[in-house]
Amino acid sequence: MTATVESGRSVDLPLLSVESVDVHLGRGRRAAHILSQVDLTVRPGEILGVIGETGSGKTTLARTVMGLADPSQGEIRLQDKVISSLRGSARRDLRRGGSVQFVFQDPLRSLDPDLTVEQLVAEGLVTQGQASSHEIATRVREALGWVGLDESLLSKHPAQISGGQRQRVSIARALVLRPQLLICDEPVSALDSSNRNNILRLLDELRTSRGLSVIIISHDLSSLAGIADRVLVLYRGRVVEDGPISEVFARPRHPYTALLIASAPALSDQLADQRPEPSSEQHRPLHVRQLRLVDADTATVSNDLEAGCVFRARCRFATDVCGTVPAAQDVPTAHGGGWRVSCHHHSTWRAELEDADRPRVPARPEPLPH
Amino acid sequence: MSTDTQLREPETSDALRTGVAGQRSPGQDVLVIDDLTVTVHNGALEAVRGVSLAVRRGEVVGLVGESGSGKTLTCRAALGILAPGCHVAEGSVSFGGQDTAEFSNKAWRAVRGSRVGAVFQDPGSYLNPSVPVGRQLAEALRSVQGCSRKQAKQRALELLRLVGLRDAESVYRQIPGELSGGMLQRVMIAIAVSGDPELLVADEATTALDVTIQAEIIELILRLRDERGLGVLFVSHDLAVISELCDRVVVFYAGEIVEAGPTEEILLRPRHPYTQAMLRVASLGDYTRRTLDVIEGQPPSVGAQLPGCRFADRCGFATEQCRTTPVAISSGGGHEVRCLRSDELSLTRLAS
Amino acid sequence: MLKKTLRFRSAQISVAILLAVLLLAIFGSALAPQDPLHQSVKDFLQGPSSRHWLGTDYLGRDVLSRLLAGTRTSVTTAAEATLVGLVFGAIPGLLSAFLGTWFDFIANRITDAIMTLPTIVFAIGCTAVLGNSLTPAMLAIGFLSSPLFFRVTRAAALEFVRAQYVESAELFGASRFRIVRVHVLNKVIPTIAVAAAMSASAALLIVSSLTFLGIGVVPPAPTWGGVLASDLSYLNQAPWAPIVPAVLIMLTAGALNALADAIRDASGVHVSLLSAASSKAATEEAAATELTQPGDDADPAFLGANSANPVIDKIDEEAADVNRHSAA
């Protein structure tokens, strides 16, 4: 854990706090309950990882914080200021200040195809209208340098650069505004490992040098483990686990987190042998087969987020009590900072596994519908 | 074509398998790219040069390499859909033994409709934003397989479930803007495999998926490979996925192939310094906090004319000769490498 | 976009024709071999001769001179009508997409109301009130074409207003005005250009039919439509006479329409419904769309907005291009 997180003052003063936020999207028949009772806090200089199934509401959560979706309940605060109720010019002023920036998940769609890379990266600065054009030009080049792009790209259009280059342009246009809080939706998914590490290192550096706070939504658990302090796990619109990333990854308390971590693509055994010894894991990693409920009848899952634990249809350990929504429960942590899990059986399921320890036989895959 | 339609009818995978043997003999090349050079900016710059690779039936070939190294351009050239301003300047692409340069428009249409499927980076941009995705998928099915509207819908729902969209019915009705990135990507995968293609070009097709769904998609591709003899060109930055999925791997650097060979070979015994550096910084399967390594320096900009090896500036083993003499790709025992010193260096994945 | 449009042979021909018409509009009166208003009763309704290349009309005026001299009026009136349509249609259309519910609702109702007005009757009414000259008639025609501009612009703008890069600009705190200027305007311009070309050619034809009815043109002044109208009244005496003015009108209108088509093809306006991305990415996308939505025999109704065929034609062109290159 970094010093910033542990120092008393910053713990008391979260930069961003999201409190019991519910989000509904769509109107009429299409209305859907996307997020339910989501809480999170980010402190200055902290990096929070957000993981979860696809479609679980990670992007929606980020968009809600940015004011692109309105919460139907709950409150979002930046420092002391409630931002979720801002409208019109108050909201525009906040945005123009540039203290919170968002990197969209799909760079091709979020970059105007008619603008050049230079115009795209400069857009925020130009909108602010404070910097001189000379200053803008220098800052744009500096930002491109940070993300490892060379200046020959400045005059190109988004369709003329590669996917990974587009993604880095998106990051550059957020960082060029020197935000306090950066929310990135899968910022490194299209990058090779070297460039990926370069971006993550950059964020890590900025948080130490400038106290930048970052929320990173990512499916790449290994990257997150490399730099994040905390991790928040979403499943179907609810936070199922939220705690220090090292501890959560080493010993997940929610069956879904465990399943997710166990499903991470494994290296072939030979390759794995060459990997450095896992540092201090006392816990034998679990296998997917131990956690997957193979005969899960997920087709009948109700869309009602209030009808019990969201994971129960796929959970191996579900019992009758799982028909009620589990409250978030505190789990003791070694390093402090809070660890909350929403599972009725969070303290017992692992023991059950170790008892039985009989991996279920996977069912024969169903035939292809050809 | 008629045998093909027959093949789709039986429901059991055994029936599929017997059919495949006759129709699609394994080992035959489905896609051959020979000495391909792609220029961008109307011929001003060479972004891909001298790329040769082949995908056989029932084989998954992985393309890896630094961002901007030309993987997507290669895939697009193979499909004949380069963006305006980009051209195949040299070399050939042949599909099922036929040179695509000779394809008439009609032939291309037939090929793109049913014999190849493709999933691109940035999936959201390729779907009609105002039409429910299910309808788009069903339409693809109807036009390729000529089934009725009802059948098409039925199949579309099956396909959506096949790619792990459990709530297929509601996804069917949603428009792209109402789906998450990963859901869109899976819809694209469903569309791509819907025509029972011989070749699947998947350009970073699993980047927006969480690991559990990704595992299911990998399983699906492997099953299609085994049961249907599908050949796959799979671009990915995730070496763990590559190691699970691919039979062979081709490594790109700055528009050229620098190394190619069987997956195990490449990942365990890389012979090119770039491959080795890439593996070193990847910290595969490490779930702990660590220092994040990068390969120092930047790749040459697109189309830069260099006399020697394009990796030389960043290579720890570079000699004067590396910088000044052109380096040809050498093939030895199916493991090709483009490095002057590959024989004297003995690299391992973890050596630095 | 201009460059791409001019790659089409049809666009090249259209532009050549339109340039010629423009030259005639500027220098027509000077080029006219004789005074277009000079009457010579003894020479009425003559066939082509060395003195009157295209013959004379019922008052013995030289037809060639009248056509040349009439070009300017005909062209300016068509342009006037289009301009009026643009101002009353395109601007509210853009605003409507951005200002949201109230403005949109009212603008739409007004548009509906305008659409119910019958063109010719309305034009007659206008000239009755404002005096019988071409400008009021054209104001009327232009005003009546504004719903076309409104609808087309609004639809195109709406497509882009919801694009993610507009959201992203909003997150930077950009004003509505800036968003329209930077992100939306250049993308709807091709659409507006297509509508304008179509409306200009329609205006040209309407001028003729109005002249035919004796509305708008004050008699001795020559216009294409006027020449055609007078020729048609004397069909018995000179059956060949209407051919030249008719061809002239049709050629110009045809060139405008062909140009509109070329703009549409080049800019991918038709594809813009397929994707919120702009013209630049459109062709590339179209090809990819084919991969995902193949279909010779796609049923357009079933696909909604996406009628695959023009798209496929476009791709084939691109593909043919690529093929040629790889063959070379």
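Chains: A, B and C, in written order; residue numbering restarts at 1 for each.
Going forward, a residue touches a chain if its C-beta (ideal position, glycine included) is under 8 Å from a C-beta of that chain, and two chains touch if they have at least 3 such contacts.
Not measured: the values here are computed from a predicted model.
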Farthest-lying chain, centroid of Cα atoms versus that of chain A: C
Core chain by centroid distance, with centroids computed from Cα atoms only: B
Centre-of-Cα separation between chain B and chain A, whole angstrom: 27
Inter-chain centre distance, chain B versus chain C - centres from mean C-alpha coordinates, in Å: 46
Chain A-chain C separation of Cα centroids, rounded to whole Å: 51
Junction residues of chain A, two or more chains touched: 106, 108-109, 159
Multi-partner residues of chain B (each touching 2 or more other chains): 83, 125
Chain C: positions in contact with at least two other chains: 276-277, 281, 284
Residues of chain A that touch chain B when the two form their complex: 25-26, 30, 51-56, 58-59, 105-109, 148, 150, 152, 159-168, 185-186, 189-198, 200-201, 204, 219-222, 225-227, 245-246, 249-250, 259-261, 263-268, 270-272, 274-276, 278-279, 288, 298-299, 301, 303, 365, 367-370
Residues of chain B touching chain A in the complex: 7-8, 10-13, 16, 40-41, 64-69, 71-72, 83, 85, 121-125, 155, 158-159, 162, 166-167, 170, 174, 178-183, 185-186, 196, 203-204, 207-215, 218-219, 223-224, 227-228, 237-241, 243-244, 264, 267-268, 277-278, 281-290, 292-295, 298, 301-302, 348-350
Complex contact set, residues of chain A against chain C: 66, 68, 92-98, 101-102, 104, 106, 108-115, 123-124, 127-128, 157-159, 177
Residues on chain C engaged by chain A in the complex (per definition of touch): 163-165, 167-175, 178, 182-183, 186-187, 276-281, 284
